[in-house]
Every structure is written in structure tokens, then in C-alpha cells.
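A, B, C, D, E and F label the chains in the order they appear, each numbered from 1.
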Amino acid sequence: MRPSGRAVDQLRPLKITRNFTKHAEGSVLIECGDTKVICTATVVHGVPRFLKGKGQGWITAEYGMLPRSTGSRMDREAARGKQGGRTVEIQRLIGRSLRAAVDLKKLGENTITIDCDVIQADGGTRTASITGGFVALADAMRVLVEKKKVKESPIVAQIAAISVGVYKGVPVLDLDYPEDANAETDMNVIMNDQGGFIEVQGTAEGAAFTDEQMAGMLAVARKGITEIMDAQRVALLGQ
Amino acid sequence: MRPSGRAVDQLRPLKITRNFTKHAEGSVLIECGDTKVICTATVVHGVPRFLKGKGQGWITAEYGMLPRSTGSRMDREAARGKQGGRTVEIQRLIGRSLRAAVDLKKLGENTITIDCDVIQADGGTRTASITGGFVALADAMRVLVEKKKVKESPIVAQIAAISVGVYKGVPVLDLDYPEDANAETDMNVIMNDQGGFIEVQGTAEGAAFTDEQMAGMLAVARKGITEIMDAQRVALLGQ
Amino acid sequence: MRPSGRAVDQLRPLKITRNFTKHAEGSVLIECGDTKVICTATVVHGVPRFLKGKGQGWITAEYGMLPRSTGSRMDREAARGKQGGRTVEIQRLIGRSLRAAVDLKKLGENTITIDCDVIQADGGTRTASITGGFVALADAMRVLVEKKKVKESPIVAQIAAISVGVYKGVPVLDLDYPEDANAETDMNVIMNDQGGFIEVQGTAEGAAFTDEQMAGMLAVARKGITEIMDAQRVALLGQ
Amino acid sequence: MRPSGRAVDQLRPLKITRNFTKHAEGSVLIECGDTKVICTATVVHGVPRFLKGKGQGWITAEYGMLPRSTGSRMDREAARGKQGGRTVEIQRLIGRSLRAAVDLKKLGENTITIDCDVIQADGGTRTASITGGFVALADAMRVLVEKKKVKESPIVAQIAAISVGVYKGVPVLDLDYPEDANAETDMNVIMNDQGGFIEVQGTAEGAAFTDEQMAGMLAVARKGITEIMDAQRVALLGQ
Amino acid sequence: MRPSGRAVDQLRPLKITRNFTKHAEGSVLIECGDTKVICTATVVHGVPRFLKGKGQGWITAEYGMLPRSTGSRMDREAARGKQGGRTVEIQRLIGRSLRAAVDLKKLGENTITIDCDVIQADGGTRTASITGGFVALADAMRVLVEKKKVKESPIVAQIAAISVGVYKGVPVLDLDYPEDANAETDMNVIMNDQGGFIEVQGTAEGAAFTDEQMAGMLAVARKGITEIMDAQRVALLGQ
Amino acid sequence: MRPSGRAVDQLRPLKITRNFTKHAEGSVLIECGDTKVICTATVVHGVPRFLKGKGQGWITAEYGMLPRSTGSRMDREAARGKQGGRTVEIQRLIGRSLRAAVDLKKLGENTITIDCDVIQADGGTRTASITGGFVALADAMRVLVEKKKVKESPIVAQIAAISVGVYKGVPVLDLDYPEDANAETDMNVIMNDQGGFIEVQGTAEGAAFTDEQMAGMLAVARKGITEIMDAQRVALLGQ
């Protein structure tokens, strides 16, 4: 039924490459099928103004797509002079989700910026960014511990994300672009390793969705996230 | 338990005033407790470039807050020279939700812009904007029918929205600001009059939320939306 | 002779509602016929950089129109990314005029921002903003006195404003939109309660105006401002 | 009494140099004492969108100051990315004033842009811009007539401008910077050669001004403008 | 003498990977030592306004750096709302250089945009962008020929670029970041396969450079570009 | 052969007028034939953030063209809201070049801004800006010495610039606009009074240029710069 021939609850091949570039404290290439995102984590001492003197740190995220990461070229946002609404929405989601992984008090007055840059898009770039961003964040935290900038890792939860949807009436896992463009409903699910929800964003594209469809989407999401978290752990242990 | 003394599934007093200002095709003041939003609908012949020649119309939305609609004054976005991320996120949500009310083919090559301007904020401004925006949209559609710009009303569904959350561990309906600022989870639910979901956006603010809490939130949301839809219908029939 | 049937020196019905919204230190809805403006006054401790350490305060103003406050929808300035020339011109005028009401030394190092947001426009929005803004300013000053942030009220003059014009060759008071769009001359007059001029801005729209016409416009302006100042005083005493 | 030793109704030396630069249809250097402004007039066939198909032309103006035209360097507006409020206010005034010189119907579908660039500032730059801009405009009109783009000159009035003020309680003509910085009232007067007012903008800087002071200022303005118009005519006849 | 131990006229290892991403008509990853740039070429039918109706095409370029492509994180230009001066300078250079490779008449009314995005920076990103951009451009031209959009390839010259400099008084080839940061002179040389210069930009960073040093730099540049052109040809023939 | 009838190595008449405007520490009008640029130097105590506490000063430059300095009117960059790529490129070149004239340590924590504003353009505005900017800079340094803000002049080299090119196959000196628009190669050469190169920027506009042509261009440039430096010295000694 699916254009890719996958089972309804089957993820695309997932590959997480750490230390992808050499400068950042955390640098990850995440590949979910043909979707490829570079996620870097940068640590800077200090916090934004609204947190000055509160004895805590901050996690923020920025998101971008290379102009020709997509089928037809998009305008370069730097050249247009502003980030589009979709970009803003996505980077706020990534930041919120990854803050749920961290005890900001333990982080001290440090700010970690997660940059997620899509070099090839085929659906699911925002959830790939969260999943890959978590690994980059974990690497940056290791650097902080190694350099004794923090006493213990501020990581308090493992976070991963996946998109699900209703495609031809059926809940399916991990939509690629051909599915995403035709799905009746598109839902992004972000969870922690306790099985709790960090964020759920479901949008009816064509028809409204029912309680049953929502339950079905959440079930395949839960299965997918379990597998993704395994892949994150393997990547983080592997080096 | 609630700061306002309301029952967990009790809405704030809801008041919908049509024809609030005189120029717009649809003009609604919606008051949800102390949250007050002016929603206007403007009809313009023509469509955005990406829809040219496709024989359909478009619904879009813009959102703003008066600088002192809130407890401390916010910068005026026009003076800062850009809309903030939260504003962009909200106006995209309003537009998506209201497009689900309309058969864009029946609308013909007309564009309706829903402007939602918050004059006093006390929580739930985005869901109030959708609920009030639907009434303004319906009025604008009547104008189109009366002026014979469309054969029959392009409205195909009634849309309403409400915020719910987990407050002190309990799912509650229609958060006001004191609750919103302290809720563990905040969820916006947009539904149609068939009981289907148009959009569900749940965000864990502190702790992650469980399947049970999500079910509880959706249950109170469903009850609240039923009452809100009654209020919309009364308003639309009343004049 | 006038489209509204008013006498040449007759104001439109004027209504000033204090405490219109709940958050601001001063919040006024001013209605001049069908022109409706929300004026709020916000007090913040501190002054702009150019006044640091000079032992005085500052009064500034911002002005905006809801996109559909007018007959056809205007672009939202926040979305366009800049305030238009007319907006800039008006908010500079409001700020200048209201600073004439205040002894900035007595204000101490506090800044008061007057936000004037037009929710319905029918001519005379800038003068309504000044008249309503003065009442909001006076309320904010009371708050400063009550909270003992200043020893005595920094208000040193009462300020009000009105538009006058030459319509069909005759000086008339308080132009509404149909008159404004057809007037030969349009003049805004801002005065204090000693009968002195704070600002006079007269613009020939079609034909140039003569000394006699200017004298006639100033005469009706003086009469109108006397009535407006009565209304301000009644409003300020009434609660 | 005046810092410059001038009589209260005495202009600064006024010099108008036509053909100051070689490319523009009209190019004027106007020197009012130490205030020096380059005014050019550019003719382009076509009109702005809002005038398309109305069979008339348009006059518009832009104003700028070289960063070091003033005592301390101002930020370059092009580098800051926006024109300041004062600039916007001034260029709107110049455009409005010069449109009063022209029958826009006779101009046909042509747009004339008057660029006023201050190379040295010593008070009165906006009125110098109008006075010099009129001469540049007249030269551009001659070009249009010579090239037979219009049948007869669209100029229907001669326009000139001057600043006046109340300085140490006395109405004075043509304020230079030391006076302008200390005047109680500052007024810009734009008139035509029939003695009619095109625009009057008076602002109380310190104390409010009286009817008598306004009459005094208008009297010296009228005298000054008569002399300025003579200088314009001499310049325009001289070559 | 060189930090990397290379001979003065020795290039860093150069690797050119075609078809690096899947959507673009040309997509190249170029690696010059640790400098890594993704160069894509996008073909769009049509030309910019200034070329409308002239029967020719256009080549333009855009350049960006991922925020953490460098040792410390740079602000994201899309978030800052403008491209910096260095970015603008570089993308103009890339565009100019690559236009020298093409007969724009033969290209017809097509526009090719070369996007050069630096994912890891270690000196020489602008010359790597030109060298890699040429290969992406050549691939895009093949697509145009294959799709019969053009009769024959519009490529008329092979273009490559390299940085040279004076380091510790000696002309050296292909500066990496440690050299670049300490070079007395930095020069970018762009040549065609006839041995002609397309662009030469030499900048004294500390001391001025002499005729002899310029000759020395040009000599090593010529040697390097010969090798780089071999690598381009191998890459283009290899698949 | 040249449109102007000049010899291939002949400069246009060069005129340097110091103290052109009265406010700036250095103010120069430079005229190279019909190209006219006002160069001012402004001294401000303090340095940009990136130099704080390093015990050195800074030289920076800004460049602009009056909208009608050219044959057809260009958009005013302040009104467009951004400086174009060419402007950015030029002002970076001016700043770099003039920094080579100065020992920034001796300058102390002072910043000098060179503003170059073109009032009439006929080719070579960027090199005229550098040549004139050097004279303005030297004047500003004298002021610093006279006011005892620095012990001795921080000027360590004389800097001048000229454009050269290949026109009809022949290297020529000091291109005016008709030559510039048709030259095969355009090269800007900036040198110091020791005969060293500060910057060389050569661009093939049509055909690539050869080693011989480059040598020819550098030879005429060297001759021209010698004459220009004489003119700078005469100007600086003359008053």
C-alpha cells in the first residue's frame, strides 16, 4: 500500500553518524531514508538576558534547509532577509523538545544551540532534527563533563521524535515525502524514554481524524520511537 | 482546586458579539472570561500567486496583540519590524483550522483574511481567535452569498477550538492565565461539528504527559467544544 | 451643508471610557462619532539611553490601526515589517503633544508609553489619540502618585486636540471621513488649557488657504477644544 | 539679539546654483547660510500603481543627510536598514508641498522624483529642500516641454518655504541651528506666489505659543518668502 | 615551514564528489583538505527582469556557511535578517567567475543558480566554491542538453580557482586556516583553461606586497590550478 | 583611441579640495574628471566591540551614491532598507585600504569613519573614494595630534588608488564611464608610497586577461598613482 513498499509500522533505514564535522562540541549526520540533516551542538558560556542571574542554562535551536535540499529550489532565507513561518515553527518545536531532555539548573549558566540544517529533504525533517539533535546535545554534554564545566551530565531524559499519519485511511509510521504530500493527517510525536509524551502535533490535511485514528497513530509512533531510541543509544555507545 | 473556582470541565463565560466594528464583512468580539479578541473577516477578489488559475479561493489569518493587552507591555511588532515566532505559529494555526471549515472550490477566486487582534489577554487567545474567527468567516460568507458572488455558502463544517491542560495533575478545561502559567501540560484542540479533530497540539511544559492524561484532556475538550459550538450557533442565528 | 448634518462648529458625539482594559496603568476607549481608539499608558522604570543620568523621565507614543479598521483592509504593518510614513508621522506628533502636558523632571527616571490603537476609523484618529492619550496619561500619573513613585503629579497642563478644515470653502470643526476626503484644507490643532497652541499642522489638499480661513479654522478649533477639555475633566473626575 | 546678529526678519544669504550636477533633468545646490542641500529632479515615464490608468502624473520626494553633514556623525540610514521617523516626516512634507506647484493632469503619466540630500546642515534643511526642490522641478518641467513630452508646462504655482520661530519671546525669520536648538516655537511655512498657505506646521518646543506669536511668525514668514521667491525667479531666469 | 608540512606549491588533498544530493541538476561535494562545501546547480526557465527579452540566460550564485562550520559559532544569517558583507562579496565573486565559463546566448532564457554552502571551513571556501561550482554547473548543462533545452552545451571555458598568499615572506599555494590567519598577503586567483585570468584579488593583510611576490604567487597559483583542472576533468568524466 | 582623447597613461584632471564642509574632522571633495566624491573623516572615542580592551583603534568606511549621481536614477538604499552588494563590496575595500595607512596601535582607542558619498559618477568612484579618503583621514589625524589625543600621527603610509583596464586590447589608465562600460578587463590598484601593493582586484569583463596585460595595467597604474600621490601631498601641504 505504501509507495515505498514498507509495512505500516516500518521505519525507513536510520543512520546516525557522530563527529560528522570537526569544530562543534556535538556534530551528527542523521539519515532517515533520503532525509539527511546535519545537527550540531554549540556550547557557549552565558545565558540569554531573560535568564541572567537565575542560575540555570538554556537550550535553543535553529533550523534551516539548503535551498536545493528540496525538489524545486527554495529561496535562501538569508537572502530574503527573514525566516519563513514554517522555519520559525520548527525551530521552536526542536528547542522545546530538547529542553525536556535537560535539567537546566544542572547545566549552569551555559547556553547550548542546536543547529539543524537539512541537506536533503524527503519528509520528516523536523522529527529527524529532534532525534539527531538529541545525540548532538548528548555529545556536547559529555564535553562539558570532561572539561569539568558541569559536575554531572544535565541530561535527565532521552528524547526522540517521529512523524506518523493517516494515509489512505490507515495509520502509518515515518512518512516519506510522497506519503506526506498525500496523507489525510500528519502528526509529529515527541516522547521521552519513560514513554511519556513531550509534544503531540496532529493536523488534519484533508479530512478530520477520529479518536480511533489518533490511537492508531500513537501506537505506531510508540513502536517507532522505541526503535529510534535504540539507534540513538547504539550511536552514543559506539565511540 | 482551580484559581477561578471553576469545575474542571467548566468553561469561562463566553460572549460572542457580531458586527462589532462597521467596515468588515465579518466583525466579531469574542470574550472568554477576561480574554477579548476582535476577529474580522475581509473578502478580496483574487487569490495569492500560488493559486492563480486553479479555480479555488483561499483563507488566511493574521494575529496580533495590542502591546498592553498583557500584564507587562510587549514590544509592538510593527515597530520591531518583524512578527515574533509565537505570532507566526499562531496565525498559521488559525488559518489552517479555518480552511477546514470551507470548500475552497466553492469559494471561487476570492481570498478571505481573518484578522485576530487581542485587546485583552488572559489565556487561550489562539483558541478564542479560531472560535471567533469562524463566526466572522460565516458572516463574510453570507455577504458573498447575498451579493451573489458565490452560488451557495462555501461553509462545509463548523469549527471551534479550546485549550485544555493538566493542572496539578488533573485534566482541566479552558485554562486562564494563572492556570496556563502553571500547567504541566497545555493542549489546544480544534474540532469540527462531526466530532472530528482538525488539529491537536499538546505540549509538556514540565513533566511529560501520559496516555491517560491525554484521554482526559480530550474528553473535557470535547465537552467544552460542544458548548462553544452551541454559542457560535446562537450568535449566528441571533441577528 | 455637512454630510452629517452637523453645524459647522459642532463636534461629533464624544465618549471617553476609562479602565477599558484591565492590565494597563491607564486604559481609555475614546469614541468620536464612529472613530474608536484604545489608548493605554504603560509605566516602566528607566529611561531611553539618550536620557540616562539626566534625572528626568520620558513620554513616548506608538500608533497603529487594526488592518480592517478602515473601509478596505490595510496591510498589517507587523507583517510588512515596517511602519508606514503616516504612522511614523502620527506617533511622533502624539508623543510631542503629550510631553507638553508633563514636567519631565518631576516624572523622575520613568518612561510612559502611550499606545494608540485604532479599532474603527472615521476621520480624526490622530487627534482622538491625543485627546484619549491625555486621559490615559493622567490615570497612569495617578498610579505613580498612589504608589509613591513620584511626590506629586508631573502633569502641568491639560492637552487636547481636534481636526478642523475648510470644506466647501467654509471652516468646519471635527471632520469625519467623508468630509476629510473632500476638504480643501485639513488642520490639526493641539492646545493646552491656558489656550496656548502646542502644535498646529495645516495642509492644503486642493487650494491654498488664506489668512482668513486659518483664522476661521483656529476659531472653531478653540471652541471644540474647550468642549473636549470639559469631557476629559468629566471623565477623569467620574471614577 | 540673534546669535548671528541678523535682524528679526532678515534671511541668511541665499544662493541657488542650477545645473550643479550633470545627469539629472534638474539639479540645484541651494545654500541658506551654512545649510547646503543638493536637490535633483528625475523624470521617469510611468506612475505608481495607485495612479495607473488615471491619466495623471505624480511628484514624490526623498530626503537624506550625509552622515557627517551635522556636528556629530549620524548613522547612515542605508546601513541601519531604515529611514528614521524625522526623515520620513520631512520627505512626505516636501512631496506634498511640491505637488501643490503642479497640475498633475497636465504632467501626463510621468513621475518626477525630487531628491534632497543635505551635504551641510545648519538649520532649516527641510524648507531649503522645498525651495531648492521647486527650482529643480521647474528645470525638469522645461526638459519635458523641450522634449515635447508635455504640451505646456504643468507648473501652476511657485512654491517656497521658510522656517520661523519664537526665539527669546520674539518671532524671528529663518532660524539657524543655534537658534533652532533654543527656540520656544519652531514653525515651517510653505506658501505659493498668490500668498496662499500650502502648509503650516508650528510646534511648541518649550512654552505654548499664542495667537499673537503665531501672527508675528506668519508676518515674518510672508516677508521672507517674498524675498525667496524673488531669488527663485532670478535663478530660473538667469540661464 | 608550513604548519601542515606541505611544500610551498603543494595543494591539499582534493576530492570532488558528484551527485552528492539527489534533487539538484548538479550537486557536488568538494573537499579541499578539511574545507568542505556543497555546491548545487539549479536550472529554472526564465531570466531576471533586467534580462527579459534579450535572448540570453543568466548564472548567479549564493553562498552560505552553516553556523558551526567554523571554530566558534557564527550567527545564522537568516536569523539575523541579512547577509553579511563578506557573504555578499563572495557570492558576487562566484557568480562573476562562473559566468566566464558560459556563453549566455547559447544558454537561452534559462537561469542557473549555484548554491555554495560550507559545511566545514578550514580556509579557501570561496575558491573551493568556484571550483566545485564549475563542476555542478557542467552537470546542470548536461541535463539541459539531455532534455534538449539547449542545442549544445553553453560551456565555453573550464574555470577553477585557488587561494595563494605570502606566508612568512614566501609565496605559498592553497592556504589553510592557520596560514590564512597569519599570511601577510592573501590572493584569490581564478583562471580558465586557456591560462587566462578571470579574476585576481590580492589583499595585503599586514605588509604591502611587491611585484616579485605577486609574480611568485601567480606562479604557484598557475601550477595549482592546472592540477585542480585535472581533478575537475577526472570527476566529470568519471560517471 | 580613447573616447576622451586621452593618452593611454593619462589621468583625468584631478582636483582635491580640503575643508569642503565645516563639521567633519576631515572633509574633502575629490574630482577626477566628472567623478565627484565627498569624503569625510569622523573621529569618535571608543572602538567596536570586537576590539574592546586591545589598546588599538579602528578605521572603517561607508560608501553611498546620491540617487541621481548616475545617468539614470538608482533607488535610494536607505529607502530600500538595505545596502546593495556593490556598495558593501566597495566600502569594505575602502576600509581595508585605508587601514593600511595607519598604525592602529598609535591611534589608541579611537575609531575613524570615512564616509564617501558620490555626488556625480563617471567611473572610478571607488578609487577616488580611497584617494580622497586618505586626505580626509590625514586631516583627521592632524586634529587628533593638535588636540593631543595622540602623541604622534598614526599615519605610517600614504595610500592612493586608481582604476586601470584593458580597453580595445590596450592597457589604459583611469577609466571613465564610457570606457568602463566597454572595457575587457577592469582592475583597481591600491598602492602605498613605498611602491608596494595594498590591494589588486582585476576582473575580466569579457575576455580573460593575460600575464602581459596584467603587467601593462600595473605599469600604467604605477605611473598614475605616482601622480595622484603628488596631488595628495600638494593638497595636504597647501593649507
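Criterion: contacts are C-beta pairs under 8 Å (C-beta built on N, C-alpha and C of every residue); 3 or more make two chains touch, one makes a residue touch a chain.
Being a predicted model, the structure only gives us computed values, none of them experimental.
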In contact with chain D as well as chain E, sorted by label, we have F
When you check each chain against chain B and chain D, which touch both of them? C
Would you identify the chain whose Cα-based centre sits farthest away from the centre of chain F? B
Distance from chain E to chain A - Cα centre to Cα centre, in angstrom: 33
Chain A to chain C: how many Å between their CA centres? 50
List, in ascending order, every residue of chain E touching at least 2 other chains. 81-82
If contacts are counted as defined earlier, which sequence of chains do you get going round the ring from chain A via chain E? A, E, F, D, C, B
Touch list for chain C against partner chain B, complex: 21-24, 27, 34, 36, 38, 40, 42, 44, 62, 64, 66-71, 73, 76-79, 81-83, 87, 113, 115, 117, 119-121
Tell me, which parts of chain D touch chain C in their complex? 82, 85-86, 88-89, 91-92, 96, 100, 157, 187, 191-192, 194-204, 207-211, 214, 218
